[in-house]
Structure formats: C-alpha cells, structure tokens
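Look for subunit A in each of the two complexes below; its partner is subunit B in the first and subunit C in the second.
Up next is the complex of A and B:
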C-alpha cells in the first residue's frame, strides 16, 4: 500500500469510528449538553467523509450549515432554556425498552443483510473535482429548482414562526396561562430585587429616621 | 493535497522547492515515497511558524501603538524597543499554573480553547503569499475559511458553559450570537467578490485583480463590500468596537474569565491569529493579494528583463510575500488604532448594525455587483 492509500484508510476508520461512537453517545449520554457537543463531532466526521469522497464543497457546506448553524442553535436552546424538569414516571418502562430494543436490533439485522447482499461496486460517474461547485449550481437552478424554492419557502415559514414566538407583544394574553402578557423588554426584571417596604410595616426603619 | 501546489513546469522550473527538496533527499539514498513523506510536514510547519511569529509581531504592535495613542512609551526594556515583550508574555503564560475551577466541567473546559484555535489555524491552508506559495489551492478556497470560522462559536459556547460561571456563559452566548450574526453579511460580501472572479479559489481571486496594478484591485470595484467585510471581520475577531463577548465592565472577561495559563494563551493566540488571518484575507480579496501596485511585468519590461528569468522570479516571489504581509499589517495597524480610539457599541447597537444595516446593504451590494457584471463584463469580470 502506498502512503496515500494508508492515509485514506486511517482517515476513513477514524472518521467512521467518530460517526458511530459519536452518534451512540448522542443517544445514550444522560447529559444533554454532552449530547449536543457530540452531535457537532458527528457532523464534523460526516463532513470529513464527504471530503474523502472528493466532495469538498458539500463537506464545507455541511460544516457551515450543520455545525455552524444547526448545532450552535441547539446549544443556544439548551443553554438559554436552563429548565430543571422532573420527568413523570413512565409505566412499564422495562417492557417499552425491550420492545424498542427489539425493533432497533431487527432493523440493524435487516440493514446488515442489505449491506451483504447488495453489490456496491457500481462504477459511478467520474469525479469532477473542483468543478463540482459549478455542477451543483447548475443542478440547483435547473432540474432541482422546485425543491430549492420549496426549501426557501420552508425557511421563510420557520423564520416568521420564530419571530412570532419571540415577539410576545402580538399576543395580548398568554396562550397557556391566560394571564396578560408583559409587553416590556425581555431583559427587564420581572420581580423587584428588594422587597417593597412601607414605613408602617417596618417600625425598625421608622425608628432610625 | 498538503504539498505546496505543483508549479506550472515552464514558469517556475528553477524555483520548484518541492522537487529540489525531494531530489536532494533521493540523492542521499532515500526512496521517493520517504522523501515525499519528509516533505509533507514542512509547508505546514512553515505556515504554523509564520502564524505564531505574526502573533508576536501583532502583540508588540498592539502594545506600542496603544502606548503611542495614549502618549506613553510602552514596553522598552525587553530587547530593543521592547520587541521581546511578546516573548516574555508568552513565557509567563507558559509557566503559569493550569487551573481548572472546582465545579467546572474539566473535559469541556480543556476542549473549548482547542476548538477555538484549530479552525483558525486550519484556515491558513488557503492564504496565498504568491502564485504557488500556499499550502493547498483547494477549489473551494474562501468558502473553506467561512465554513471553518463557523466552528469557532462551538468552542466559545463550550468554554463558556464548562466554566460554570454566569459571566462566562453570558460571554460565550454573546460570542456565538455575534459570530453567527456577522457571518451572513461577511459571506455575502465575499460572494460579491467571488461572483466577479468566477472562482472561490484565493489564487484565482488575486489573479483576477492583477491586470493593471493598483487600479485593478477589488477595493475600487467593491468599496461597499470592502467596508462590510472589514466591519464583519472585526466583529468576528471580537475586536473593539465589537468586543462585547469579553466586555470587561459588564462581564469581567466573558468566556475567558476562568481561564489561566496555557488555556488562556490558546484563546489569546487564537484571537490574534484570527486578526492576522482576517487582515490577510482582506488583502487577498480586496487589495490585490501579493500584487505590487505597479504590475511586476511592466517593471521587468522597463528594466529589459524577462519575467521568467530565475533572478526575476526570486525577486518577484519575495516582493509578493512582502506585499501580502505589508498590506495585512497595514490593516492590522488600522484595527489596533480602532481598538484604542473607539468606544464599545452596546449589544442592541451591535445587533441593529448587523441585521438591520449590514445585511440589507450586503444584499444590495450583491445585486448591484451582479447587475454591473452583466452590464460591464469588461470591468467586472464577465
């Protein structure tokens, strides 16, 4: 084996291990912050695999969109909503776990069977290297124009939804509690720091005056 | 991928460092594969050393210029004019105790600074100092830099969270928010340049500006884009007037609050390498990269020399490196001057500037560039 193929093999094994172990960690770790950071690692490993397939533009886009935007957004959500919530006990938990474990194992066996039976070595189109960016652009604006536009409409809808959720002043009444919504800035302190004291309730303070 | 770009045979036959290095090693009796393996780390090490030396120069400049702005003398005793002061700073940080706060998350606390530094150093992959003087002419060029710089907020969030300190967490969140907000106008400004040069590669972007010396630099065709890019680059580097993530008066030192020793030094190094990198990229995108204000071909022609002569090639190459570094450090000087003369913006002003001003302006800039490219293809890269 030459140096290049050795490097490729080592990179492939490392990246695949990163994807598999990382995604197991995302699912299994009890600390949600670790899961979120590991998800970033998984996205990076996938970008590395794209890079090994000579798809450098897709790899960079993967890093930009998934690591730089999606994962950071998830982290933001976790860190800003620091809510300690005690989850209600679910009845029949061992049975549920057994069932879901069985389904997952079955799916895994099915995929293994697919992996073994399918002839994968099909010669694909020849790699285009750096011209791939141009090829992607041409496809996006010709035969994939409709999905592209639909995705942009989806993003617009998500953005409007986020603005509506963030701008509470469009609701005069809180949907959940039915109370009047405080329309002030979010930074404003909801409860005063010092308990309000009137002179009649506090004779000690009165005496000092 | 990691070797210096294979040079065009006819143009730089005398200056192909890689070939001469490997042939020398093969002359000693090594196999071509081993010689190649020995060559591989050299360009990377060179760039790493260049980046670190750039930081040392930067720190010295920061101290001296801030002193001049405040009518002080600045560092004076460590070497002539205090040039060894940054080294003393670095050594001090190296010898400091490495403290991990008691209730902090040790693993994430250590990983955070590393994640901040690595993308910045990786981005040096695409910075060209000459036609063939870069580690790798990857086709996606500047896009790689934009993608890599989007990893940084994760490191900042990680260190902010792991410090277990409200100032750190707020600083980390602010840093990530700022970084994401300014990434968009930055990318749009880069997109306008890319549209004119029809390529993402930094080499092609510089070559497209090399027609008529200083007159063909992108700054004349993209003045608005230049300003947008520079403002966004300063915001991405968390330099004043945009250093809200570490605003001393509000947040102690933001996400750096709990850090000491080498871990703090990694942040320090990362921010200064990022500043030099941003300045280099402004030089590449808008100031003609390694180009001399008067085209070298004209100068060589006036002196009656051939551009392909080895001596001329050596001089051109050195001139290219000098010009790139000179332009970058001119921008660094402006950044330092800005830091010591401007007050900090408030967080609402920062977000207003990013989302309500720079983003629409960048979009209009993109539209105008596209229109101009179609209307005047001769001047705006048809």
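Up next is the complex of A and C:
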C-alpha cells in the first residue's frame, strides 16, 4: 500500500468510528443536549465520508444544511423545552428492550447479508473530481430545471408553513393594560391574571380601542 | 480512489486546528497555578456570578430565526452549482436562477410581513 492509500484508510477508519460511536452516544446518553451536539459530530463525520467518496458538493451541502442549520434547529428545539423531566417508568421495559433489540439485530443481519452477497468489485464510472459540482450545475439547469424551480416553491411553502405554525396569532389580551399579549400561549413568558379569549366579543376592549 | 485535488492541505489544516484547543488546554493545565477554590471555580472569574444551571429556556424568537435560516441555507446550497458552472451555462440559466431567487424573495417578504424577522 502506498502512503496515499494508508492515509485514506486511516481517515476512513477514523470517520467510521466517529459515526458509529457518535450515533451510539446520541442514542444512549441520558442528557439530550449532549446527544444533539454528538449528532452534529456524526453529521460532520458523514460529510467527511462523502468527501472521501469524491463528492465534495454533497459534503459541503451536508456541512451547510445539516451541521449548520438542522442541528442548530434541533438544539433550539431542545432548549425551548424548559427543563429536564423525570418521566414515568414504562411498564414492561425489559420486554420492550428485548423486542426492539431483536428487530435491530434482524435488520443488522439483513444489512450484513446484503453486504456479503453484493458483488462490490464492479468498477463504476471513474470519478470526475472537482468537475462534479460543475456537472451538477449543468444538469440542474438543463435536465432537472423543473425540479429545481419546484424546489423554490417547496421552500416557499416550507417557509410559510413554518411561520404559520411557529408564529400562531394568539388572541389573548392583557386585561389590566388592554394590550395584546403576543405569543402568550406559546412562549409562556408572562401569564396575565385574566386571559380574555376572542377580543372582538369583548365590549370593554372595543371601548379601549 | 480519491481524486479530489488540494485536500492534502485541508487534512493538514484539520490536524493543526484540532491541535490548537488541545495544546491550549494542556499548556494551561501545565503552566497555570493549581488553586481550585473560591472564585477560581466560577465560569467567569471576574464576571457575574452564574445563577442556576446552564439549561435555561430559550425564547421562541431564536427558533423563528433558525427556521428562516434553514430555508435560506437550503436556497444557498441550490445556488452553489449554478455559481460554479456559471461560465458554461449562459444567459438562460441566469434568468432561471433569477426566477428561483424571486420566488424565495416572496418567502422573505412573507417572513418580513409576518414579523418573523423582528425582535419584538
């Protein structure tokens, strides 16, 4: 083996170990914040694996979207939840663990069988290196133009849906001051003493306006 | 077979950048005086005393910004191949990218109109 292949082998082993150990940590650690940070590490390792497979654009997209955005979103979602709660003990936990362990082991055996029976030695098309991103761009603007434009519509829909869901207009009014208590139900920042629902049916409020 | 050029420097950069925090912590451990009592144990030695745990409830406004950021992050990823292949694509692709961006400007306008970008 040459030095280059040795380097590649070491990188592959390190990245795979990162993926496996990180995923185990994500599943097994009791603190959910540690799990979220480890998930970022797993995403980074997967990006490194993409890079080793000559897919630099996919690796960059992985880092940008998953590590940069999705993982941050997951962390914020965790931090929105106020505190740790001690959950009630689930009845029949050993049996459930046994069953899920059995299912996981079966799936793993299936994967192993696929790994063994697939003829991997077939040489695929030769990798194109840095031209891959250019080729993706050319395909995106010729063959896959409609999906590309539809992706923008999909992003628009996702944006509108996210805003509608996260910024739900809560019709609550602080009785004392008469002002709209924006986001009161969602944020629980301050709880007014008396919450008036549906302010249009409140004659006192109409007078203050 | 790994064919991407220029990643040897990247590997070296990665190793050096991984060594920086390790070296910083290890040299601190070796050189700093070993008193571990009183103020020394605080997170910020000369700052405010921290109250409570580190796990506090974030405001939902951070989440709104993160949501908007995800959308525009994905948009950026879509624009990367266009920017790289710009010289080979020509005017039509430029107009197509403009359409793509203008549809997402509608999303930005919606977010702006709904006050998702404001800190009120």
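Please note the rule applied: the second predicted complex is superposed on the first by the 149 of 209 C-alpha atoms of A that agree within 3 Å, B and C clash if a C-alpha of one lies under 4 Å from a C-alpha of the other, contacts with A are read in each partner's own complex, and residues count from 1 in each chain.
In this section, a residue touches a chain if its C-beta (ideal position, glycine included) is under 8 Å from a C-beta of that chain, and two chains touch if they have at least 3 such contacts.
Keep in mind that this is a model prediction, so the values were computed, not measured.
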Partner chain(s) touched by A:71 [first = subunit B, second = subunit C, both, neither]: first
Dominant contact partner of subunit A by residue count, subunit C or subunit B: C
Partner chain in contact with A:79 - subunit B first, subunit C second, else both or neither: both
Contacts of A:60 with subunit B and subunit C, given as first, second, both or neither: both
Which superposed partner A:147 touches (first subunit B, second subunit C, both, neither): neither
Contacts of A:2 with subunit B and subunit C, given as first, second, both or neither: first
Touched partner set for A:101, first subunit B, second subunit C, both or neither: neither
Contact residues of subunit A, present in both the subunit B and the subunit C interface: 33, 56-57, 60-61, 64, 68-69, 72, 76, 79-80, 129-130, 133
In the complex with subunit A, residue positions of subunit C that touch it: 1-5, 7, 11, 55-60, 62-64, 66-71, 73-78, 80-86, 88-89, 92-93, 96-97, 99-101, 103-104, 106-107, 110-111, 114-116, 120
Contacting residues of subunit B [partner subunit A, same complex]: 33, 36-37, 108, 138-140, 143-144, 146-148, 150-151, 153-154, 157-158, 161, 169, 172-173, 176-177, 180, 183, 200-201
Touching residues on subunit A, where the partner in the complex is subunit B: 2-3, 33, 37, 40, 44, 56-57, 60-61, 63-64, 67-69, 71-72, 75-76, 79-80, 129-133
Residue ranges of subunit A touching subunit C (in the complex, touch as defined): 4, 7-8, 11, 33, 51-52, 54, 56-57, 60-61, 64-65, 68-70, 72-73, 76-77, 79-84, 127-130, 133-138, 140-141, 145, 148-149, 151-153, 155-156, 158-160, 162-163, 166-167, 182-183, 186-187, 189
